[in-house]
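Pasting the structures in now, so scroll down.
Two complexes come next, and they have one chain in common, chain A, joined by chain B in the first and chain C in the second.
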Partner chain A sequence: MNQNNVILNTLTYVVFFMIFLFSIHIFLAGHFAPGGGFVGGLLMASGLLLLYVTFDLETVRKMLPINYSILVAIGLLFALGTASIGLVAGDAFFTHYFNHFQLPLLGDSELHTAMLFDTGVYLVVVGVTMMIIESIGGDQ
Partner chain B sequence: MQLFILFLPFLFALFLPLIKKWGKGHLGYYVIPIPIILTVYYSSFIGKETQYESISWISALQVKFDSQLDGLSLLFSLLISGIGIFVLFYSIFYLNKKERLHQFYMYLLMFMTGMLGVVQADSVISLYVFWEVTSFASFLLIGYYYEDRISKDGAFKSLMITIFGGLMMLGGFLILSNVTGTMSIREMTAQAAQIEQSSLFYVALVLILLGAFTKSAQVPFYIWLPDAMAAPTPVSAYLHSATMVKAGIYVVARFTPIFAATAVWGNVIAIVGVVTLCWGSFFAVKQKDLKGILAFSTVSQLGMIMSMLGVAALVSYTNDTSTFYQFAAFAALFHLVNHATFKGALFMMAGIIDHETGTRDIRKLGGLLSVMPVSFTVTMLGTLSMAGVPPFNGFLSKELFFMTMWQSKEALPLGTLVFAAIWLASIFTFMYSLYFVCGTFLGKRHTLPKRPHEAPIGLLVAPIVLLIIGLIIVFRPNVVADLLIKRAVVSIQPTLFESASDVGVHVSLWHGFSAEFLWTLGVIVLGILGVLTLKKWQPMYEKWPEKWTLNTLFNQVISIGDASFTKWSRHVMTGKSRQYFTFMLGMVSMLLLFVLWKKGAFAFSWEGASTIHIIDGLLVVTLVAGTIIVLKATTRMTAIIALGVVGYCVALFFVRFQAPDLALTQLVIETVSVALFLLVFRNLPKKIKEEQKQKGKWLRLLVSASVGLTVMLFAMAAYSQKLLPTISSYYKETVLKEAGGGNIVNVILVDYRGFDTLFEITVLAIAGLAILGLLRSKKRKGDARDESK
Partner chain C sequence: MIFGVMIICSIVIGISLLLLVLRLLKGPTTIDRVIALDAIGVSLIGLIGIFSIIVDTAFYVEIILLLAVLSFIGTISFAKFLEKGKIIDDSSKK
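Up next, the complex of A and B:
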């Protein structure tokens, strides 16, 4: 659709990457500032939705050949796997671990297993939203 | 180890799909080591003390899985694993490699664990769980040929009846555990006197008997067993004659020490058993299907064993050890073993005849003697044992049965009449046995669906070996008795016998011309006469109107239930989400209001509330206006935009109340959902139908108003009276120290309440898949319709 809408097309190229980066930012910021996997995932999905609105379904599928059902499955595995770390380590289910590390470029950072869990949430949210949108959009 | 072995078949079943994929040859060859291992393992327990092992399941409720191997459990375990070997061996030759063997063996292995679990459980919950596993496995196996209507109906019927019984039994168990405060059968037995004092004693008694009678196919619940013959023959030989149907007998035997404190237990069991014995043998002569004859014969033999257990319970009750009938329990278990050998073999023979001729209808069969001499010999030997003719193992136990019943005349109500009845039933037993052999092998040969020929040796091995075991029992009956049966008797009647050596019974083939032998002779003479005149009186069975049978009753109950429930659910489940919401929200509102009123919790207090800024007022006005526009809009476009306004207003409220996380989420969700609406927009009619909205308008108005009111009242009440300190202070204290985070909202999501989130995303994924499936199936239907045009 919208093949003649030059302004929208051009803007989408720029805006999509901004949304994408912002979603990553929001996702990473989650533990200390507003944000998190859920919002980040939704933002990402809305960015993808923008692509769908601008270009048609086939084009987007060619650009991003992602099977969203598998993305959902990976997300669930991430979440469940993180929750099970505690079991392997001999603690209760869902025990999180964290510590501070000196990372190159980033400096003093806190690494937290909750982030892995949040990654699962992120992937599931993106996957499910896109799955629904794709199937409804594909229905037409 | 004991528990591991118990679960071994089940665990092995999990690997079947892999073996099916990569293994070569018939799947049965891979499975057959399992019952062999089990048999060898359980054989090592012969003569040992009772062994016990358990693993906790729900420790707070004392629920555990356990395995207890005393005499009774061991006898049954050996029966299950031993017969299992023969059945599996037979199935390798009986079932075609191309069938869904992995499913077949998976169900069979599942059954094996279930059945072993039933007979080894000491915890009543464990017993119940395994009991249902056997019912379920039986259901799956009967319905193995699920394309076939008869299979499906038979499976359904057996499930309905046995699950009904199982649930009743669970009720009985719970009463017992409530009275005694324990889940263990051993501890219950120790408190038998206390149980008898309980007012619920008879309720528990009836409930447990219901479970036992449904499973062991006693009158009037037996109707599922003939229909279960739709299962593949190895299943009939295994589940529906040798093992599963004896679970009820096991339960009766196991609970006799608890319930034998009254005469009712023994009397009820004995009478039901005798009635079943007569009923089954009487109707077996009517059957036209070979497996049907055997099914009714099984019903009748189960009744016989049941009646002997009833007498055994009476002995425990009276403590009368003066006469022979004190050995009723011994006779019952001895016949149980014999029955498993000959009935297993006969079922396999029926399967062989079906396999080689293509039919099981006795009217079409006949004259097979000349083409299938080996099969004839095996069948003949099996039937003679079943008929109780000397010198076969069936005769040994039948004679014990006669002796027991004759001498217990005084103990049973209407004892003489009961004896006359079982004697008549024995004549019928003899008749259906001969009818089974003669109808198949003698007489004129008819045209058959297949050209009949002798069965391959592989098929014949299992029944022949079973018969040989039967013959060994004939020659060495006391070896089997001493090794297995006497110890089992001690478990049933602990008050009478201290140890196995106290059971002073000696089985011998020849007692001289005793009364029992004369009874047997009478049975044989009258039986032969009956078979010779069979053609003359068999049609009399057809005189009984079809309307007045138990099967018709069952079908009617089911169809009436079906119809009324369908009507009710059609009435409630209209498929209109508007109606569902009315139900749900109305209920929520009513419940909350009820709680508020009941607890006197209405309260209003503005203390500590923040002041209302002019911006808040504006937001509220916009919000209300947006909502009204949504309701009043005539085109969808307006409605969607107004809905968006409502959503963004809510997001702004979050911003105002300093909840950036919520605001952010709300904003993005609003955006995505408006975009989604745009996607589906084209498929919807532009105008919103008015007439649909009008129906039931006032009710909906009432419900929505009351929901709004309730929520407001609830929020006010919660705000005005704080009984406990809020949890936020706890979060504030621990968030950095223990959870290593700064944003409480997010840390709650991923850490404090991570479980919730895990389930939420799982639900989300399931919902997504459901939507995908729904749309795809709709699409496929649409495609099919297009093609049909």
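Up next, the complex of A and C:
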């Protein structure tokens, strides 16, 4: 980091967390409103891309020591595990369960197993996008 | 009343979008084209906001935020590419 771009650095500290929170919001808003795991994962990847653009490759790797191929594997495991719940319970593969629960702060809320599948999609999208960006950006 | 105002505003933004596309196509330098692209993003945000008022729904607010994020990152990347020659620095290869 030999350059001293104060405006971009200061902006990134604020905007990265805004993008991160918006990604979480889009991810949780799925199923009944526009959103879902795929769009949330892409937004999270674009927020990480902002970090890569502001700082350099080595700094971000030191900041977030994440192996993205392991992230993809965890996401695929989530998706497969959610799909296999139906097999264990004696229903068809990919059966979707939901019910109403009384949660402490949120009140009456509807919980789905599709949410767990969406978590897997989120992790896979973030992992694959960041793997592509790292392999393109790191190759000089 | 509010409907007529919104129609007039969207027509004005549409005219400015056409002029921006003209600038994007024939801009003399790359800097002009990048600035035109950023201004197109901002104008699209305004147009979607007006459309959201016309059809009276709040679902478009998330699309506005998404477009703002993508336009911001695109402009930052273009500016860094024009300034430094590469988008992602690699300090380990020096």
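Heads up, the rule we're going with is that the second predicted complex is superposed on the first by the 137 of 140 C-alpha atoms of A that agree within 3 Å, B and C clash if a C-alpha of one lies under 4 Å from a C-alpha of the other, contacts with A are read in each partner's own complex, and residues count from 1 in each chain.
What we mean here is this: contacts are C-beta pairs under 8 Å (C-beta built on N, C-alpha and C of every residue); 3 or more make two chains touch, one makes a residue touch a chain.
Since we're looking at a predicted model, the values are computed, not measured.
Chemist: First (chain B), second (chain C), both or neither: which does A:8 touch?
Modeler: A:8: touches chain C, not chain B.
Chemist: Which partner chains sit in contact with A:81 here, chain B, chain C, both or neither? Use first/second/both/neither.
Modeler: In the superposed model, A:81 contacts neither chain B nor chain C.
Chemist: Touch test for A:137: chain B only (first), chain C only (second), both, or neither?
Modeler: Both partners, chain B and chain C.
Chemist: Of chain B and chain C, which one touches more residues of chain A?
Modeler: Greater contact footprint in residues on chain A: B.
Chemist: So, does A:59 touch the first partner chain B, the second partner chain C, both, or neither?
Modeler: second
Chemist: Does the superposition put A:26 against chain B (first), chain C (second), both, or neither?
Modeler: both
Chemist: Touch check for A:49: first (chain B), second (chain C), both, or neither?
Modeler: A:49 sits against chain B and chain C alike.
Chemist: Report for A:34: first if it touches chain B alone, second if chain C alone, otherwise both or neither.
Modeler: Touch partners of A:34: chain B and chain C.
Chemist: Same chain A residues contacting chain B and chain C, which ones?
Modeler: Overlap of chain B and chain C footprints on chain A: residues 26, 33-35, 39, 43, 46, 49, 52-53, 133, 137, 140.
Chemist: What part of chain B is in contact with chain A in the complex they form?
Modeler: Contacts found on chain B: 660-661, 664-665, 668-669, 671-672, 675-676, 678-680, 682-683, 739-743, 745-747, 749-751, 754-755, 757-758, 761-762, 764-765, 767-769, 771-772, 775-776, 778-779.
Chemist: In the complex, go through chain C and note every residue touching chain A.
Modeler: Per the touch definition, chain C meets chain A at residues 59, 62-63, 65-66, 69-70, 72-73, 76-77, 80, 84, 87-93.
Chemist: Can you check the complex and tell me which residues of chain A touch chain B?
Modeler: 26, 30-39, 42-43, 45-46, 49, 52-53, 69, 72-73, 75-76, 79-80, 83, 94, 96, 98, 110, 112, 114, 117-118, 120-121, 124-125, 127-129, 131-133, 135-137, 139-140
Chemist: Show me the residue ranges of chain A that touch chain C in the complex, using the header's touch definition.
Modeler: 1, 3, 8, 15, 19, 22, 25-26, 29, 33-35, 39, 43, 46-47, 49-50, 52-59, 133, 137-138, 140
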